[in-house]
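The structure is given below, and queries will be raised subsequently.
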Amino acid sequence: MMRIVFDLGGSVIMPKEGANAKKIKEYADVFKKIKDEGHEIAIVVGGGKTAREYISIARELKANNSFCDEIGIMATRMNAMILISALGDYSIKKVPTSFEEAELILSLGKIPVMGGTHPGHTTDAVSASLAEFINADLLVIGTNVDGVYNKDPNKYKDAKKFDKISAKQLVDLALSFSLEAGSSSVIDLLAAKIIERAKLKVVVVKGTPEELLNVSKGIINGTIIEG
Amino acid sequence: MMRIVFDLGGSVIMPKEGANAKKIKEYADVFKKIKDEGHEIAIVVGGGKTAREYISIARELKANNSFCDEIGIMATRMNAMILISALGDYSIKKVPTSFEEAELILSLGKIPVMGGTHPGHTTDAVSASLAEFINADLLVIGTNVDGVYNKDPNKYKDAKKFDKISAKQLVDLALSFSLEAGSSSVIDLLAAKIIERAKLKVVVVKGTPEELLNVSKGIINGTIIEG
Amino acid sequence: MMRIVFDLGGSVIMPKEGANAKKIKEYADVFKKIKDEGHEIAIVVGGGKTAREYISIARELKANNSFCDEIGIMATRMNAMILISALGDYSIKKVPTSFEEAELILSLGKIPVMGGTHPGHTTDAVSASLAEFINADLLVIGTNVDGVYNKDPNKYKDAKKFDKISAKQLVDLALSFSLEAGSSSVIDLLAAKIIERAKLKVVVVKGTPEELLNVSKGIINGTIIEG
Amino acid sequence: MMRIVFDLGGSVIMPKEGANAKKIKEYADVFKKIKDEGHEIAIVVGGGKTAREYISIARELKANNSFCDEIGIMATRMNAMILISALGDYSIKKVPTSFEEAELILSLGKIPVMGGTHPGHTTDAVSASLAEFINADLLVIGTNVDGVYNKDPNKYKDAKKFDKISAKQLVDLALSFSLEAGSSSVIDLLAAKIIERAKLKVVVVKGTPEELLNVSKGIINGTIIEG
Amino acid sequence: MMRIVFDLGGSVIMPKEGANAKKIKEYADVFKKIKDEGHEIAIVVGGGKTAREYISIARELKANNSFCDEIGIMATRMNAMILISALGDYSIKKVPTSFEEAELILSLGKIPVMGGTHPGHTTDAVSASLAEFINADLLVIGTNVDGVYNKDPNKYKDAKKFDKISAKQLVDLALSFSLEAGSSSVIDLLAAKIIERAKLKVVVVKGTPEELLNVSKGIINGTIIEG
Amino acid sequence: MMRIVFDLGGSVIMPKEGANAKKIKEYADVFKKIKDEGHEIAIVVGGGKTAREYISIARELKANNSFCDEIGIMATRMNAMILISALGDYSIKKVPTSFEEAELILSLGKIPVMGGTHPGHTTDAVSASLAEFINADLLVIGTNVDGVYNKDPNKYKDAKKFDKISAKQLVDLALSFSLEAGSSSVIDLLAAKIIERAKLKVVVVKGTPEELLNVSKGIINGTIIEG
């Protein structure tokens, strides 16, 4: 029985073609199943399409990045509300805006579903901080690739996936990616650093309902990061 | 010099094709101009496309109407943030969530931009309540038709626009519309009733930047409602 | 075992002659009994005498209706605090100001007791929204008549009580009452519309402790409204 | 030009016979006049009749004193809302619940009107703390006697009014009163101690509109307390 | 099985030489043990060294006492966070700022740990109010002397400790101490008065982990105060 | 006339030997002077000694880093309160906890003084985000060295100070420092990245009152970073 934080990237929950009730329901069903097996879980969702569209307009209107971040945070919370809708009685119809609130909802035996919290933090960073705050046993990062690669797999055919890497290596990777124009690491630098300092156990997998369920059963088709 | 509340319907600020930075900027420029002429203004914006899309997914996922309303309120606030982006120093980078907060921002000499406030209230009702709360001299309802008609102008070719009607008549109209399946009044019943009880002076015009500016100059190409 | 929302009208909990500790205690004892039988319950109380007195003074002092509503909301919350006092450990010494907070208190196994929430909403409308928000199985409206009549029973001797009506009929009744000067429907139009859209199961009974207890046992001496 | 805190006892603003719009208007007119002369003012109002009635019921229902205090605080805030209604644009339609909020409203050039803040604090103590917090030049305590006496003037015919006393003497008086059953000092012990530690300049006068206006003109028909 | 409030003076938790992780852990272990025996507990901690240092600087900078109190309250909350750190899963990582919040945390089966709440209130007064608010069976005041004495034991060698005193006597003692320059009562006057009005059962003991544990077992090496 | 954010490192405002009223007053006097010259200013202060001491205890007690950050944030807010004490009427006695609040205080013509805001953010990152959020013309980072060096000047005698560097270079420096054990950059990586994305104009100077005043006069004895 573990305390698990799931981090669902925006591209996973709110892809280019928009959210889809059927897909969201599949995620919710998986989370209910994992909860029913006795695990405590908390979920952080990203912004995706809606966030991107609003931020792009705000930027054209000369909004600064901090305020754009605030707009994006609202979009992540709307995504959280969608997932909460599908979770029914397994959750509570309130998106926590702080880690304290998330912990309180956990204490009620419910599943907290959060979005962003603060300008300058991606939801990856939020999920790492939340995992640290609630002393989670495991952070599961569900993304649109199936693990951590040594190079950007969308750009390099010979990119190799790691089965296991250390948090230190993860930070180095995020650094090197951040130095190469046009590449983006599966985990941003701030999130990587929080993972490192918190000595969190993390797995990165493709963010499908099936793979998330697999992780809860100990089957990890992705990359394991160890503190 | 008046204290004016502008109510921008969702279909105006966030139409079917999504928001558009250029259009938002035109609205913001009009509001700045009106403010510069010495008027105090407050703005309420609706939800439109984003609200509709999220609510439709939530409903499929069996969310109840109250929670769907909460989701819609988030969308209206994102729209408000977009408009705030364009208003720059004329506003403050915080969407008020209560009328008290809106009044405080007005007292600072800034333009409050709100979205929805509470399940069961359309943003039309919010704008009427806000106008009442801050004792506005005028409520301007900008919508996708150019005034109040005796029948739904989208359904009946012989629908006639009122130049002037009383608040009592407005309520009756909203009632009769609400009894006819498939028709919708330009102003919903709750909003009409608040307008009636508050004895607000209201104008309903096509919600284009030009017509909003016209109203501030006393040119009203729409319907005047008088308490 | 049901999740039930009780709506206690202001005239019931805070009648013309003011509140009465003995009466409040009887209500509290009934609610404790219903809770002990295994039902989950939430309560919304109205404003009554205190609300009316303060609002009348505020109105003389030229306060607008929205602010008068805010004053009335404070009075409903004081009534809620009185009932909370009598509920002791069955409740929590905090009046929720949102449906989210009410749901959280329910999750703690306690009885949330709310008053009003927002200008423009009667506590009838609040109770209907709350019932919708928490997916209640039943909304019990305790009022000063013993059900829904086809005409105002205080004005017409031949008024007839309905045993059962549809939500659609309830809305029509509220409409017709609202059109006749001096008559007031047992349920206001906004509340009726929320009941209709939420497809809530509702019963309207005389708001005595005995009748509330009867309802929990399935004995309904009033009117049943069905979505 | 001074920064003045006015403390209006519950028995002054909400006497046995209940509040009275005409009386409240007279108070508001005086406060507007004093503001127009260039003074900055803040007001704290007590609970009076409504507070007493609700607390008495709550106590019968076995509510503890702390919760009774919370109920009383709600009543003071309703009284504040009544006075705010009469102050119109001189105030803001929000009762501050902390000294920080009151200071912010002052900074806006408006008159903050507060009630109680915390269990265990009378509104006399609140007004003394507020005066200290905002570094007021003067605290005016308007009560139902016309100053500070050496004995309870309602019990002893030979009670003598002080023209001037020190804060130290005020504390001693409050102490001695608190030791004699059935007597109550014009200022409670906690308030007296805050006055002493803050070295506030205080005047105690009969809380009529006329006397409050007199104080602002330097005419003091009561008792002066000096740090 | 009792509901117990523990009041840990600032000099106990944050003595002159600063806090000490080992000592805090001992306290936490005792609280866990008492909780494990089935008691419900809540804790209030004082400010001590950090509070004193910051307040002394603020005072030099001409901050008024109310604001100095606010600074002190922050220090008490930092001390609460330290204790929360040591309590782990027995508590929740959020310092309640109101009694309502503390009650809610208790309802979750966790230990609320508070600091101060309001200018003008010592943490002794807070703990007495909290004990009253949550209807505690016992308030344990842990201080740096081992009970209540008839004179200041630090000044008078012949000071005698009471085994038992009434709340009325406690108030009288606090009064007489407050009149003698340089002496300070183990319990301040406001706290004593709240104890009196609440008819709380209170024990005053030396605030060591051992003595706190002893109290939970019914062994009281200090003074018992009875309503 | 500029809008300037000042970032005062913890080691500056709360050095190893603790804060010092005289020193704080000197800072406050400089800020008042700069404000009097017509600049709008906002200040962010770090944690320093108190933060370090509390965090070290919390860590020994097994608190996780996120919660340690929360404790540190409290310490930064206490430091902010000290500076607010010295600023008197130039500020407001409330430490903003969000950028929105800080902007509101600026709109009142007052100086907002903030501490930290969120786990995972240093106060350097906060000051950069705040500068971005309020569209500041200049961010002044006052630290314990007199500019940005190519190597850690405390470790390498031949370290050279930059007169000017680009934001891109700053990020690279922060990166390279973060890779070398035991060295710490004058600006952490997250802050550097926010500076880069916001295209902020930044100066890094020794954080003495004199140098801060110099900056406001255009005399910069440190490093200029340009977007």
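In order of appearance the chains are A, B, C, D, E and F, and numbering begins at 1 in each one.
The rule is short, and it goes like this: contacts are C-beta pairs under 8 Å (C-beta built on N, C-alpha and C of every residue); 3 or more make two chains touch, one makes a residue touch a chain.
Here the structure is a predicted model, which means the values were calculated and not measured.
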| said: Applying the touch definition from the top, give me the chains sitting in contact with each of subunit A and subunit D. | reply: B, C, E, F
| query | Can you list every chain that touches subunit C and also touches subunit E? | reply | A, D
| If you match contact pairs by residue number, which of E-F, D-E or A-E shares over half of them with C-E? | A-E
| remark: Greatest Cα-centre separation from subunit B belongs to chain E
| message | How big is the rotation relating subunit E to subunit F when the fit is done on Cα atoms? Please round to the nearest 5 degrees. | response | 180
| message | Same residues or different residues where subunit A meets subunit C? The copies count as same if more than half of the interface numbers are shared. | response | different
| message | Rounded to a whole Å, what is the gap between the Cα centroids of subunit B and subunit F? | response | 42
| query | Between subunit A and subunit F, what is the gap in Å from one C-alpha centre to the other? | reply | 30
| query | Once you find the CA centre of subunit A and the CA centre of subunit B, what distance in Å lies between them? | reply | 36
| query | Which residues belonging to subunit A are in contact with no fewer than two other chains? | reply | 67, 93, 99, 108, 133
| query | Taking touching chains as linked, do they make an open path (line), a single closed cycle (ring), a hub with spokes (star), an all-linked set (complete), or other? | reply | other
| query | Got a list of which chains touch which? | reply | A-B, A-C, A-E, A-F, B-C, B-D, B-F, C-D, C-E, D-E, D-F, E-F
| For subunit C, which residues are in contact with subunit E within the complex? | 92-94, 108-110
| said: Applying the document's contact rule, which stretches of subunit B touch subunit C when the two form their complex? | reply: 64-67, 99, 117-121, 125, 129-130, 132-133, 135, 175, 179, 189-190, 193-194, 197-198
| In the complex formed with subunit D, which residues of subunit B make contact? | 99-100, 103-104, 107-108, 133
| Touch list for subunit B against partner subunit A, complex | 18-21, 24-25, 28, 50, 53-54, 57-58, 60-63, 67, 70-71, 74-75, 77-78, 81-82, 84-86, 88, 93
